[in-house]
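Two complexes follow with chain A in common, the first pairing it with chain B and the second with chain C.
So, the complex of A and B:
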């Protein structure tokens, strides 16, 4: 999906007011500085593409994050603020539903969520420069 | 038809919407991480015996939630509000939806009332320091509030003076108040206007009563 037509300001607001709290709660006190930043993004739509990839992909050794509150809110935000996004999403939601039990939050998951915090932070900063 | 309305059921639907109209407010993190949603019918005389309310949409991991009914108030306590996008709240009679309304949980927020309002007189500064507390300082979501402090001289009916502020402390100058007079002061809160969360005024805090000192007139 190409994120260029999204309403970036509204996405930033929804991130700052809801998704950010979820990500911090997921980290549950683990310092995001504990992990090196291994992903980055250049501009607004590139950041959203990276955020989508990292949010909805299941890294090895970590239950898919797609059922977490921050992922559900990320998807709802993209569906609301990015024209046509919902139409591209039917198979991803099915994949998320197949996972039954939620595995314990492993270090791998924390690392991935810490990268997400970095990407969202980067996304917000790209909007400051406007 | 003579009444000039369309022949099909539009008139009935409009009447239904009117007759069964209801209002709701949400309170986020009202009990640790639980939120609440409270709805009541606008017409207090409505016979709501078999009427149920249901919310669908903008919920985490579930499609719909049923309200619990306590006397004439319909109530939900949950962690499942997505806080993004619109929900639909329907009045139901059995399985049939009689009327529905689109609502966004984050736009109908009613903050919890502030508390512990108190006034301290500072003789040296000739002023009164007013402080109060709000549970919203510790919340994750609805943190930005506008407060409305109202004060009046007790014997003077409805002559309330109002001060709007976003902090929880303000000073009243002694020279602006009557000498040796009893005053009543109270405060309420509303989500800050340009914030993501919007909504209604909270209830008023309990009032605090204080007396202004007698000032010694220069001879």
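So, the complex of A and C:
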């Protein structure tokens, strides 16, 4: 999906208001900067593409993140603010219900979420008001 | 980063330069070298602007890029410290420049050229000569309006830029304060006449007749 036509300002506001807190809660006190950053992005749509890839792809050694609160909100935000995004998601969305008890939060998961915090941070920095 | 023996300190000055410093390795007195890249796909290059302390390399100053900074500090045989992190995560914004103040009866608008980066907060602090503490207001742009002022009072103001954790992570720094500027009746004043205020000090009013 090409994120160039999204409402970036609305996505940024949603991130700052809710998604960021979800990510911090997932980190459960672990500092995002204790992990090396291995993923980067250059501009708004590039950042959103990387954020989507990392949010919804399950790295080895980490329970699928797609069912976490931040992932559910990210998907809902993209569906709302990015024209046509929902259509691209209909075939590969499993029934994503939030699990009550989070499965194991391995170091691998924390590392992946710390990459997301880096990417979202970069996305926010690209949006400034003159 | 890996290789914790070396204490490394990183600070990114106002999106202009990044300064990485380390504790000089005594007594071995080894000259350490600094290699870095902002593009994980490219080979590391060596620092071109070292900081020296007692004749030994103690840091490197490099131009800022809003990218992940990958670096490694090495001695003659191996890497002592390697790290990869967004350079912006160590940001310390500069003090706001070219502040302008527009006064209108009981309000003031403080503006300045904003920085070309999002996720920042512009904080203005104001204090009259009757106040013991600063009063703060912040906005996402450098256009801060403060109302409810007393045209008869003298006010001093200062401003700074702050980072938000959502955009700059937990290790960034607030910027330095601008110089304090004072105003009386909407006109610049060198300073505000001191009216000693010590909160909690009882005030007695003596009435003679």
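The criterion applied here is as follows: the second predicted complex is superposed on the first by the 120 of 130 C-alpha atoms of A that agree within 3 Å, B and C clash if a C-alpha of one lies under 4 Å from a C-alpha of the other, contacts with A are read in each partner's own complex, and residues count from 1 in each chain.
The rule is simple: a residue touches a chain if its C-beta (ideal position, glycine included) is under 8 Å from a C-beta of that chain, and two chains touch if they have at least 3 such contacts.
Small disclaimer: the values here were computed from a predicted structure and weren't measured.
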Practice prompt. Kindly classify A:57 by the partners it touches after superposition: chain B alone (first), chain C alone (second), both, or neither?
Written response: neither
Worksheet item: After lining up the shared chain so the two structures overlap, which partner does A:13 touch, if you call chain B first and chain C second: first, second, both or neither?
Response: first
Discussion item. Output check: A:43 vs chain B and chain C. Expected answer is one of first, second, both, neither. What do you get?
Written reply: neither
Discussion item. Can you tell me whether chain B or chain C touches more residues on chain A?
Written reply: C
Discussion item. Which partner chains sit in contact with A:73 here, chain B, chain C, both or neither? Use first/second/both/neither.
Written reply: first
Worksheet item: If you stack the two complexes on chain A, which partner ends up touching A:124: first (chain B), second (chain C), both, or neither?
Response: second
Item to complete: Kindly classify A:2 by the partners it touches after superposition: chain B alone (first), chain C alone (second), both, or neither?
Response: neither
Worksheet item: Just which bits of chain A does chain B share with chain C as contact spots?
Response: 16
Worksheet item: In the complex formed with chain A, which residues of chain C make contact?
Response: 1, 40, 66-68, 83-86, 88-89, 114-120, 140-141, 164-171
Worksheet item: Which of the residues in chain A end up touching chain B in this complex?
Response: 13-14, 16-18, 21, 67, 69, 72-73, 76-77, 79-80
Discussion item. Could you list, by residue number, the parts of chain A that touch chain C in their complex?
Written reply: 12, 15-16, 20, 31-33, 36-40, 42, 117-118, 120-122, 124-130
Discussion item. Under the definition above, what is the set of chain B residues touching chain A in their complex?
Written reply: 58, 60-61, 82-85, 106, 140-141, 195-197
